[in-house]
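As structure tokens, here come the structures.
What follows is subunit A paired twice: with subunit B in the first complex and subunit C in the second.
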Partner chain A sequence: MGLPAAILFGLFYFVPFIANLRYSLTKWDRITDPEFVGIRNFVNLLTNDDLFYKVLGNNLRFTFLVVLFQTLFSLIFALFLVKNTRANIALRTLFFFPTILSSVSVGMIWLFMYDPNFGAVNLFFTKLGLEGFALNWLGSEGSALYAIAFTQVWFHTGQMMVIYIAGLQQIPQELYESASMDGATRWQQFKHVTWPMSIPTTIVVMAYTTIQSFRAFDLIFSMTQGGPNNSSNIFAVLIYQTVFSELRIGYAATQSIFFIIVLVLVTVLQRKFLNSRYEK
Partner chain B sequence: MKHKMNARAFKALIAAVFAVSATVVPISQSFAAGESLGKKCTTEGVMTGTKSTSLICTESNGKLTWQRVKLASGNGRPVANLTPPKGEIEFWHYRVELADQRALVKIINDFEAKYPGTKIKQVVRDTTTYNNTARVAILANPKAALFATSRGAIFDQFAKSDMMLDLSNQRYVKQNVVAKGLTAGQYEGKQLGIPYQYLFNNPIVNTEIWKKEKWTTPKNLSGWVAWCKDAKAKGYTPLAWPGATRGQAAQISNSALMNSASSYAELAGNLADLNSGKIDLTSKWFQGVADIYVKLRDAGCFPANATGVTEAAAYNLFATGKSPILPIGTFAMSSIIALNPDLNGKMELMSMILTDGKVVAEGIMNNTYTLSVNKNSSTRDQKIANAFLSYLLTGKVAEIYANETLQHVNVLDVEYKNVNLLNTVSFQAKNTMLAPRFLLLNAAVSDLTQDALIQIVGGKDPDVVLPDFSRQIKQKLQG
Partner chain C sequence: MTYRIIRYLSLTIFALLIIVPSAIVVFGSSKTDAEVYNKPLSLPERWNLDNFRFLFEVSNVGRSFLNSVIVTGFSVVITLTLASMCAFAISRMITVTGKILFSLFAVGLAIPGQVNLVPIFILFNDLQLTNKLSGIVLINVVTTLPISVFILTAFFRELPKEMYEASEVDGATPFRVYRSIALPLSRPAMGATAIFLFVITWNELLFPLLLITDSDKRTLPLTLLSFRGEFFSNYSMIFTAVMVASIPMVAMYLMMQRSFISGLTAGAVKG
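Take a look at the complex of A and B:
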């Protein structure tokens, strides 16, 4: 039974992974033959590549912000909309709507929204008399990453909200009734019933959001292409640029190995943290 | 007197450069007296068009006279297209624009109707996807017998892959194409591609605003600085510059580069050295280029929040009359007309001389959308591709493409009918330079160089930006 799965896994995951390892030891431009360079790419990446560390920092910041706010907002929306009333179903549809759009469309919409001179965001702040908040959102190194992170949260919160609603609806009603009879307040019910019972869902939501935010290639590429000055660049975009724009395949293979290591590390740490909470 | 002689020598140089092969075939003075043109030959360098019968006003024996120019590399009139065998090939390119599609569909339909049994199937990808994936896809697909590349790094990558047939000996190449425009398709002495478009990467000006404000074209960098201040004071955004879209933001760098060295050869050498890491952005030459940006920035030439202005927003600034100049190129005109049809016929090109010193060139031209025949295709498919390419390179067919897409073409005997093309074709008589920014063949070096300039427009100090980006370039070249 497991053989077909093993073959498919080997073909589509293991073989490319080994090939990637092999390419990471070469200098190759896809035109001439690969040249074996040993661990030079690894040494270069770790000791002589400021961009790598900048992108690593961006990626961790982006992931942290997106995971934090996307999880928080999706949980809050789910708590408010968990009951199957007509109004709630309509609102769920509304919140879920961005998820069905393509990432590039979302990127283009927000590109216009963030336009510093014509965009709706700055118009909104200006009309409210908050000119200080009317920024050069995507054109400034200080704000580009945060502006895209906000878009990413807007884009996927509805999707995570649906997962939370499914999880919250599985919590036995009797627990709330018991807590209520014991005189627990709404907050106490949340703290002692809802939150502990929704940790398994949170683990799924956070793991999924983490991977999603590491893969936010299309959104970033359509909005800033990683700019300005790589301030919104993340690993997925960097690897793409190294392969397709710079034709440095061996180096990109090395970058992707580090990308996987970082992704695995973040996911493992996250799961450890949440599992310890769950066990408590 | 000496000054007068120098000016004349300079004008003669303009004429010589434009006359492509620098071979001017004199015809009888009586024929070229000017009557047939309805105007006298009074300005040296002025041309009547890019036809095989076009005339150029040039000096001969101390007098200005009309002479016939030889624009093609070979002798003789343009030739008819080759006849294709029956069969089907794929034509890969990146012109997804509607106007291009309208033109190409018509051209292909006409070709297929003329040669029943021969089919040309278009495979079209957007530029980014095409540049990133087409080379590998075409290498593995011999049916892709005809394909396009853009000038610079992409053409270079394709050429290095040894996938383009040498077209040097084709008659239609020698006789139908403007010889000067062939340079961009040459690699190691072989004609591996035929650039189809003849673009001008110069600022487009809104002539109505220009006339209303009674402005004259600034003659040098000081003039531009003064003009920007004046335009800004009158409430305009002087240059609708899209700092958020690197590719289009970079167009103005051609103008900044073109007079940054004492000759084209020196400039090409500097760019080659930058490309290889021999010099970096802190070199005296590049500091001079950066200083142009600083002066323009400080004069208020660029839009507010310039680094966040997308290409669409820049088009909007220009199309709505908020900005009198779009510093991009002729290829933006059709988009502008789509945004504001009232601007049809009210746009012209403008020289952007950004130096107070020696003027090497007055403007920028570029030959791109280079068409090549696949070396790995079957002989029959190569014949079809060759025949279709020769068909595209006949005047009447190129005319369809030019007038529909609002692009000048690199083909002889084309009758431009569109008012915007006619308004800008006079630029062909100027001393233009093949867009120098594409001489940076290393994409990482090119991107980082442009990013550094964008950062300077964004308000950063060149003393900080140039060493920072030089370090980034060095690391890329070492990696």
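Take a look at the complex of A and C:
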């Protein structure tokens, strides 16, 4: 009975996966026939492609920032809203709300928020007298990636917060009671009870956020398309552009392979790091 | 005391960060461009549907809406059917086959289908599945199968074994056990998975962007994206389009918040 799903998945996931390896050994523009070039694409990519390293750096920076802040904020908000009071439930519903929107909608909304002349972000900073912060957020190389990372965190913090709340509510109440009997402060309770007990949830949240950040194609494509000057470009967008703007199928396939390697490496390293924390 | 101030402040800031942009969009859909630019935060002078009327007249948004409904409907139903059958098989098989099947989808979960964008683009061109809604349904089903199989397998494994064994003794075929025992019992899990699938399918951009060039076949996110070029900084129109794309999802969210939240969370936790 599992057969239909397995066949479909085999045909349209694993077969393309193998085909991708084959394409990576060719030079191909889809107009003329593919030409076998061996590992030339790999050599080129590693030794002669500044853009690749730039995108790699962007992608790692983007993932790091999003994972760090999304985990941090969702944990903090979960701690604030963990009790099932009516006001807390209402706030959870509000904080979760962006998650149901499409990335393109979120992209359009924040495109306006960041607008250098009319956007609410600059309006806010100008009103506060902080004209120095009124930047062309998405239009300058220095800030575009960070502005999008902020939007991504805004987008999914509520979703991760709900996961944390579920995890926090599993912590036995007696632990807090005995801690407060010992005269533990709020911070000590967090450090010795809440944090160690919520590490399994943290592992889930960070793993999911990592994959989510690698898949931020939709958001970046609708906000900046990777620009200006590739300063907000990440792997998925780069691969798309190599296929459609440059018509270099073989090279795009090679980029995809590195995309997979980086994704797997980041996931594995992160898992190792967190598990070592967990065992302590 | 400091804790309460920090709590109050940060909750207020994040609440405003969500309310303000939402208000700008909702108000903006009743405003002219000049109003959007000069007074983004004020209420519209007069609530009206002129922008909606204009948008449906000059663009393909109605058609895209219909396409999105079709694509999402078929994708969700097909994925749920295939994934629940597969999850049932995995949870009932302690054999090697079950393990292999499970790890097959585990790979798909760790390395999302999006990494296959180059070969899928080539393959779908060869199979002439581009510019077809059925092509989008197919790739949606493939990319959402792993997570659905995971959520449902976790659920089926929690069902008491005795339920199955009793009917197997009575000589029921596996398919019969699946249909008359597993499926009715799994309604909550299926509901949660359906909502999860519904949201990600309705909002999906990458594969439609890759496979659709014909404007009659566009789904909503694709049309919304094209407006960025067409209505360049014509934000009253863009906000109206954002409303069209979001209203079904927001309406459902307001009606069944709990199921939405648990559905979208299950997708992350079980995955």
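Throughout what follows, the second predicted complex is superposed on the first by the 268 of 280 C-alpha atoms of A that agree within 3 Å, B and C clash if a C-alpha of one lies under 4 Å from a C-alpha of the other, contacts with A are read in each partner's own complex, and residues count from 1 in each chain.
Please note the rule applied: a residue touches a chain if its C-beta (ideal position, glycine included) is under 8 Å from a C-beta of that chain, and two chains touch if they have at least 3 such contacts.
Worth saying up front: this structure is predicted, and the values here are computed from it rather than measured.
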Subunit B versus subunit C as contact partner of A:Asp49, first or second or both or neither: first
Subunit B versus subunit C as contact partner of A:Phe155, first or second or both or neither: neither
Touching partner for A:Phe62 - first (subunit B), second (subunit C), both, neither: neither
Which of subunit B and subunit C A:Gly227 touches, first, second, both or neither: first
Between subunit B and subunit C, more extensive residue contact with subunit A: C
Touching partner for A:Ser140 - first (subunit B), second (subunit C), both, neither: first
Subunit B versus subunit C as contact partner of A:Ala252, first or second or both or neither: second
First, second, both or neither for A:Ser103, with subunit B first and subunit C second: second
Which of subunit B and subunit C A:Ile31 touches, first, second, both or neither: first
Touched partner set for A:Phe118, first subunit B, second subunit C, both or neither: both
Common interface residues of subunit A - those touching subunit B in one complex and subunit C in the other: 30, 111-112, 115, 117-118
Complex interface listing, subunit A residues touching subunit B: 30-32, 41, 44-45, 48-51, 111-112, 114-118, 136-140, 224-225, 227-229, 244-248, 251
Residues of subunit C that touch subunit A when the two form their complex: 3, 7, 10-11, 14-15, 17-22, 24-25, 36-38, 40-41, 82-83, 85-90, 97-98, 101, 104-105, 108, 110-123, 138-139, 141-142, 145-146, 149, 174-175, 178, 199, 202-206, 209-210, 220-221, 224-225, 228, 233, 235, 238-239, 241-242, 245-246, 249-250, 253, 257, 260-261, 264-265, 268-269, 271
Sites on subunit A touched by subunit C in the complex: 1-2, 4-6, 8-10, 12-17, 19-20, 23, 30, 73, 76-77, 80-81, 91-105, 108-113, 115, 117-118, 120, 123, 154, 157, 159-160, 162-163, 166, 186, 204-205, 208, 211, 214-215, 217-218, 221-222, 236, 239-240, 243, 249, 252-253, 256, 259-260, 263-264, 267
In the complex, subunit B residues that touch subunit A: 131-133, 135-136, 157, 160-161, 243-244, 246, 303-310, 312-313, 316-317, 442-444, 447, 451, 454-455, 458, 471-472, 475-476, 478-479
